[in-house]
Structure formats: structure tokens, C-alpha cells
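First comes the structure, then the notes that go with it.
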Amino acid sequence: MNKKYDLDEIEKLKQSVYDANMLLHKYKLAIHTWGNVSGITKDRRFMVIKPSGLSYEAMKASDMVIVDLDNNVIDSELNPSSDTPTHTLLYKASYQIQAIVHTHSPNAVAFAQAGKDIPCYGTTHADNFYGSVPCTRDLSVEEINGEYEHNTGLVIIENFKNNNRDFKATSAVLVKEHGPFVWSTKNPIDAVNLALTLEEIAKMAIKTIIINPNALHAKQELQDKHYLRKHGKNAYYGQRPKK
Amino acid sequence: MNKKYDLDEIEKLKQSVYDANMLLHKYKLAIHTWGNVSGITKDRRFMVIKPSGLSYEAMKASDMVIVDLDNNVIDSELNPSSDTPTHTLLYKASYQIQAIVHTHSPNAVAFAQAGKDIPCYGTTHADNFYGSVPCTRDLSVEEINGEYEHNTGLVIIENFKNNNRDFKATSAVLVKEHGPFVWSTKNPIDAVNLALTLEEIAKMAIKTIIINPNALHAKQELQDKHYLRKHGKNAYYGQRPKK
Amino acid sequence: MNKKYDLDEIEKLKQSVYDANMLLHKYKLAIHTWGNVSGITKDRRFMVIKPSGLSYEAMKASDMVIVDLDNNVIDSELNPSSDTPTHTLLYKASYQIQAIVHTHSPNAVAFAQAGKDIPCYGTTHADNFYGSVPCTRDLSVEEINGEYEHNTGLVIIENFKNNNRDFKATSAVLVKEHGPFVWSTKNPIDAVNLALTLEEIAKMAIKTIIINPNALHAKQELQDKHYLRKHGKNAYYGQRPKK
Amino acid sequence: MNKKYDLDEIEKLKQSVYDANMLLHKYKLAIHTWGNVSGITKDRRFMVIKPSGLSYEAMKASDMVIVDLDNNVIDSELNPSSDTPTHTLLYKASYQIQAIVHTHSPNAVAFAQAGKDIPCYGTTHADNFYGSVPCTRDLSVEEINGEYEHNTGLVIIENFKNNNRDFKATSAVLVKEHGPFVWSTKNPIDAVNLALTLEEIAKMAIKTIIINPNALHAKQELQDKHYLRKHGKNAYYGQRPKK
């Protein structure tokens, strides 16, 4: 590669990726060293991600690993998360994605293991994710035995393309028999907050199924209303500058 | 409006509404900025409610928003909770309601998403809520696309009217595909305590359904006994002045 | 009554009943002011029990209430727990019972609301309770409308008598549509520890039912083995003086 | 016995077995005094294990009990865990086992009580345990009434032999109607970390069953991929010395 990254920007990104990884740990979205968060530079040429297999207690901001979008490690001592090729592919798939988080939170993983989308059963879901949170098809034997983590990214993208999903509106996916990837159009902390939201709606959905195995998706109009009152052009949730 | 509120009363109400919102957060009845608590002045002309979308960590008592019962913001910088029109309508529906809380606690939300009342399966429920905690019908497309939060209040009131429910005895409701609203005839802290109680009985009810999907409602006489020993004229639970 | 209690013994009993109530609270076996623990004097003439409806935070050892076994309050300012007549009746039913605890722990309550015994599915149960933890029949309308708390005690005793249960070996019961009562042949702290055990095995049993709705009771011989290796004449669990 | 242990090694082993027992307690893998961890000396002649029935709060490293592999207590005041004969038999069954932990964690116990293997539903499982985590057959009446804890070890070994399981790859088992035993080829702390992992995948599996009672095992190739990327010759997970 010819041009290098902005050192100041990279240091700030390392810090925010580190902070987001620690928040993932604080939220208990994964035990042990599981889970990882990444962020991307403004020019979308470099990604910063958690190192592989390091304990959250021992990790420092300076341990975050820089890679380019072809998964080459740049100026870093440690190995990046083994999920790195899935992250980089998602950043290439949508220019809107600014940060990605992968967790093993138990309720979201359960839907991935069950091979089922998380249905939009109500407004808690609709406020945050537009439509069902999709579960991918399973990888073929060839995809597993080939560039596995890269192919994981490909099946996510295939699911979004085939179903005309918008990466911004539906900012999460369940990789079948694996677990959730969640992304933010803002920053790494926001991505982790969305991963917590995903876990909460997955938990609510499981309880809903226990009470009523035939529960229906919320009406499309209710889904539209809630998603748009928070995220649409005329959003009226939260605080905004008054004219 | 011509006459203003009592400044001293409003300051105290802001503090108690703030304290109740922080208790909701401490009890983990909602993650993130979700959930809100309101209280009403003695003359029932002004409501104080949590601002929209502010984090519990950043919030101060002085941030609580004053609105009149027509949902006009009074002397406040911040936007009130987007659920404000539901709150004001409930205060108008029953002069007994002194405080209202809305949460996204997962077990209560699950019943709302399943579209089912919480049956009174036992004395834990009967001690606190008289009869089933009802789930409303879902809103029509017109109601969703119209004054949505106002219409949410209307379906609650419709449910109570059609079923001859007493707002004092049954101090909670599940809005279908949304979540619980709980109210108190005393004060905001009491409303939050009732919201925790509701979450606990919803949790117990889900576990009851797992063990015995055909579990029956507690006998009407048992429901009467328990509700009345705590809340009736001849209540003998707790401490009372001795003659 | 003619003869009074031993003041020193009563003070110690108040302290141990208080400590046990605080442990119940620490273990989260009940929210709010729910739950209560009692203990009995050596001559079995006086019981000390938690006052009714006081918050755990505000409660002091000196607030514990003394009653005789006919439920008369003795030298105490506060009202005793409304469950007092159930406690006193159990102490009369078995001279082995030294302390009693009543909780609203959600998994045990769920079995009570489902109207089902907790089956002995494995050694965690068998180590601590001999056989199923029984659920009583429901009270008749007459029993509910009569001396309710006293009649609650009667249906417990009826269940133990009709099924030849031993109060020492099966030291817990579920009152149908209500919740668990647990007792100890040792002291109040031990009773609360057993109540925590009961909640844990109820939790395990619910999960067992989810995995395998047709799960069988553990073999009688396994139940005997585990109960007796901890509680039998030739017990070899724990530390004992060596000869 | 003629030759004694290395005092320095035994002291270190006592400390690490103590630390691991305290971690089990911190992780809440068992309540009360339940659960136990052991480790073995390099020459595989002596095992160090938690004493029976002591509270985690009161326990010290010096309380850990030394036994030889014939279950004789060596130079120790306290009784070893009643599960000692199960531990020693496992150490004899596989020279790779360096530490063993037994817990009563509720989700793993639920599978044991349900008499079912934990299916490998996804990569969280596959990363850590190769294939299903097996549940043993139940013990016969003769086995229960005979050398019970020894026979418990025998049914574990029988299950591994009959199914050609590898103690290193599948480092956990569920004893039917009892609970999990987990072991490590490294050290006691690692064994406890695996016991936490087992509890987490059991929790995920139960939730998976709720969502989809017909959920399938993950493809064999996916199981191979995940287990081998962490544990195989060409493992690329975590940090390794760079050439």
C-alpha cells in the first residue's frame, strides 16, 4: 500500500474500539474472551479490531490491531480477531457501516442455532430494527472448508441482497449456527448498545414464544410507525435542536 | 392558560419523578434510555415527566419536563417522553391516578407481544392486582397512523370501560405488541414498585405455563381474600395505627 | 399466660430471626417486603417472626415480633407477619421444626401456581429433600373465607399426614396457588439456606421439563443413596469428628 | 506407600486448586458448599481436592486435601469431597487430564436430569467441545448400592469407550440424574473456565429448544472447522509466537 493512515485518527479509533469492547464485556454479551468490536477510518481504508483471544481484563487500547480491508495486519504486534475477514467484507458491502460487533449473547445465539429470524413481535423491536432480524442460510461444506470467515461475510451479504434489506435499517444479522453480527452507522459504542438491544429483543421473543407459540408479527404499519418516529425524516423521539 | 402551577409543588414533583425514574433504572425494568415515569400536581392541571431519550446517568431532577394535560410543554427546555399523550389521557380517565410508569421489562413485554392477559395464577398476583392484568386489542391502521400515542391511551381506556375494570384495583395494563403501563394512586415511587411487581408476576406466570400449560386462574374467592387483606376496608397486612 | 420467656434467649432468637430475614433478602428470594422467617424458643411456647410489611432496609432486630402459639402478640409494638397462624400451626404439627421461612421465590411459586409437586429429578434435589416436594390441594371456599392462614397450615399438615411424609426429611411444601414454606430442624439461617436450595432445584426442574417433558423421577435407590449419604446414620458427607 | 510427594509442588497445587474452587464460587456454578475442583501432581500419584462440605467463605488453601489415587487421605485433617473416587478414576482413565471440576450449574444439571446429551447446535459449542456433550446411562441399583462414587466414574469411562470419545476433545460429561464433570488437560483454573463454558452452551441449547424443538446439530464440517481452528495443529485462534 502507498499511503498510510492518519496517526491521530487511528489512536482515537483504537481508544473507541477498546472502550466499546470493554462495554461489550461490561454488558456480559459474551463470557471469557469471546466477542469482538471493530471500527473503520474515515477514508475506509483501515479497520481497527480487538486482538484474538486476549482477556478483557488484560487488554489495553494500544493492543487493538490495525488491518487494511484485505485483512493485512498493519504495524501491530498481535493477531487480529479470527472473525476479521467477516468484518472487512461487511465494511465493503455498505459504506454506511462505521462499526461492527460480534457477540455470543445467549438469546441471540439461540435464534441463530434454531435457524430462525427474530420476528418483529412488538415495538421494542420495531423501535430499533426494521423488520425481522434475519438468520442466514447455513454455509455449504465448500464454504466451510474454504475461506470460512470470508464466506461468512458473503452469506450475510447474500441474505441482505436477496431480501432487499437495508443495512442501515436492519443493522443486525444472525449467522446460522453461529451468532449475531450487529453494526452501527455511527460508532463502536453505538454498535455495542445495539448488540445489547438485540439480546434484549431476542430474550423477549423467546418468552413470547413460550406464552403464545402462534404469536404474530406486529402489524407492518406499527413497525413503520415506531421505526420512523425514532429514525425517519420526521423523527420526534429524543432531543433535537429547536428552531 | 391563565393560572400557573405552584413552584414549590412542581420542584418537589420533579424530584420525586426523577427519583422514581432512577429507581426504574436501578430495578433494571428497562435498558438504555427506555421507560418513563410521570407524576401529576394536586389540581391535576400539570404533569411532570421524564425527558425523551436522555440517558439515566446524565439526567438531573431539573431536566424533568412540565406539560399541561393537553400535552403543551411548560417552562421546560427538553422534549418530554414521546409517550406523553398516553400518560395525560390516563390521568384524565381516572382522577385516582397520581403517577404512571411505562417500562419495557421483558416478561411483561412478552405477554404484550403474545397478546395475552396475565392470568391471576396465585396469591403473589392477587396481593397486588385484582383479576387478570389485561392486554388491550391492537390498534387499527387508522389509529396507528393518526394520533398514535393518544390512541394508545384510548384503547387502554376502552379495555377498562368494556370490562368494567377499576383503575385503582387493576393498576396495570399491557398495550398489545408494545408493553406495560402501571399506575399508582399514591406517588411515583409506588408506581415503580408496582411495575417491578408486575414484572415479577409476569415472570412467575411464564414459568407456570412451562410447568403446566393448562394451569387455572386462582379461585375468585382466593383472589378476593388476598386483594382485600391488603387493600380492603378491613385490611390486616402491614402496620396500622393501633386504637 | 402465667410463665414468661427467658429474656436472654428471646434476644438471641430475635437476632437470629432478623439475620435470617436479611439473608432471605440478600438471596433475593422475595422482592419488596415479601417473605418472612420465624424461629421458636426451646420450650416451644413462643415464636419470633418478622413484622408485617416492613421494608428489609428499615427493619432492625428489635422489630422482630414475639407471639405465643395461639398467635397472641407478646410485648411487641408491631404487627407480626400476616402468615403467623400458618407458622404457629406448623410448629405445633412437628416438634422437630425449629425455624420456618416463607418466600415468593419465582421458580418455587411457579410450581405452586401450576399445582404440581416438584419431582425429584436428580441428586441436587435428593441431597436436600427426600422425595417430591409436595404441592397441597387448594383451599375450599369455606377455608378461604374462614381462618385463612390457619387453614393454610391445616392443608399442609393434611398433605403430610395423608402421604406419610416426614417433616424432617421433606422439609418444604408448596401451598397451591400461593408459594413455598420451608423449615429447618436446626435454626433460622439453615431454613433460609434450604429455601435457596428449593428455589435452585425448582429452577433446575423447570429447565428439565423444557428439555424433556417426559423426564422421569430419579430411581428410588438413587434418592435414598443421596439423602442418606448426607443425612442418614452413616452419613459421610461433610466434616465429622474422627474417632 | 513408599515415596512421598514433592512438598513444594503440593503447596502450589493446593493453591491453584483453592483458587479454582473460589473461581467456581465466583462464577456461581454452584450455590452453598456444592461443587469441587481437583488437580493432580506431575507423577500422577497424588490428587489435591476441596474438602467436603466446607463453605467457600471459610475455606483456605491449606484446607485442600491430599489423597492418593486409591482414595487414601494423606497428611490432611479434613475429609475430601465425597466425589473423590469419581475424580481419581477419571485421572486413571486418561493421563491427559490435569484437573477436574464438578458443579451443580442449573442448565447443565437440567440436561443431566433430562437424561439427554447436549447437542452441538452451533459454533459456541463447537469452539470448545467436540461433538455432543454426552449424558451417561443411569446407574443400576447394584451400582448405586455398591461403591457409588467409584461406579459413577465407571459409567463415565464406559460412555467414552463405547462411543470412541476422546477425553481431550470432549472434556465434559453429564452424569445422568446428577450433573456435569468437566476436565482440563492444562490446570484447575482452565477446568473451571470450561465448566462456565459448558453452563453457557447448555443455557443456549435450552433456549434453542424453546425456539425450535426440531433444531438440528451443526454440520459435522462446521464442528470440525471450529474445533480445529482453536485446538488443531493449524490453529489460528488467539496469540501464538510468530516465526
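Chains: A, B, C and D, in written order; residue numbering restarts at 1 for each.
Rule of thumb we're sticking to: a contact is a pair of C-beta atoms (placed from the backbone, for glycine too) under 8 Å apart; a residue touches a chain by one contact, two chains touch by 3 or more.
Chain labels with UniProt names: A, B, C, D = L-ribulose-5-phosphate 4-epimerase.
Computed from a prediction, not measured in an experiment: that's the story for all the values here.
Novice: Would you mind working out whether chain B and chain C touch using mostly the same residue numbers, over half shared, or mostly different ones?
Specialist: Different residues, largely: of all residue numbers at this interface, under half are found in both copies.
Novice: So what angle, to the nearest 5 degrees, turns chain A so that its CA atoms land on those of chain D?
Specialist: Result for this pair is 90 degrees.
Novice: Per the centroid of Cα atoms for each chain, what is the distance between chain C and chain D, given in Å?
Specialist: 34
Novice: Using mean CA coordinates as chain centres, what's the gap between chain B and chain D in Å?
Specialist: 48
Novice: Using the touch definition from the top, which residues of chain C touch two or more other chains?
Specialist: 210
Novice: Over in the complex, which chain D residues touch chain A? Could you list them?
Specialist: Residues 121-124, 193, 196-197, 200, 203-205, 207-208, 210-212, 215-216, 218-219, 221-222, 225, 229, 236-240 of chain D touch chain A in their complex.
Novice: Considering the complex alone, what residue numbers of chain D touch chain C?
Specialist: That would be residues 31-32, 34, 51-54, 78-79, 82, 104, 106-107, 109-116, 138-139, 141, 144-145, 148, 177-179, 206, 209-210 of chain D.
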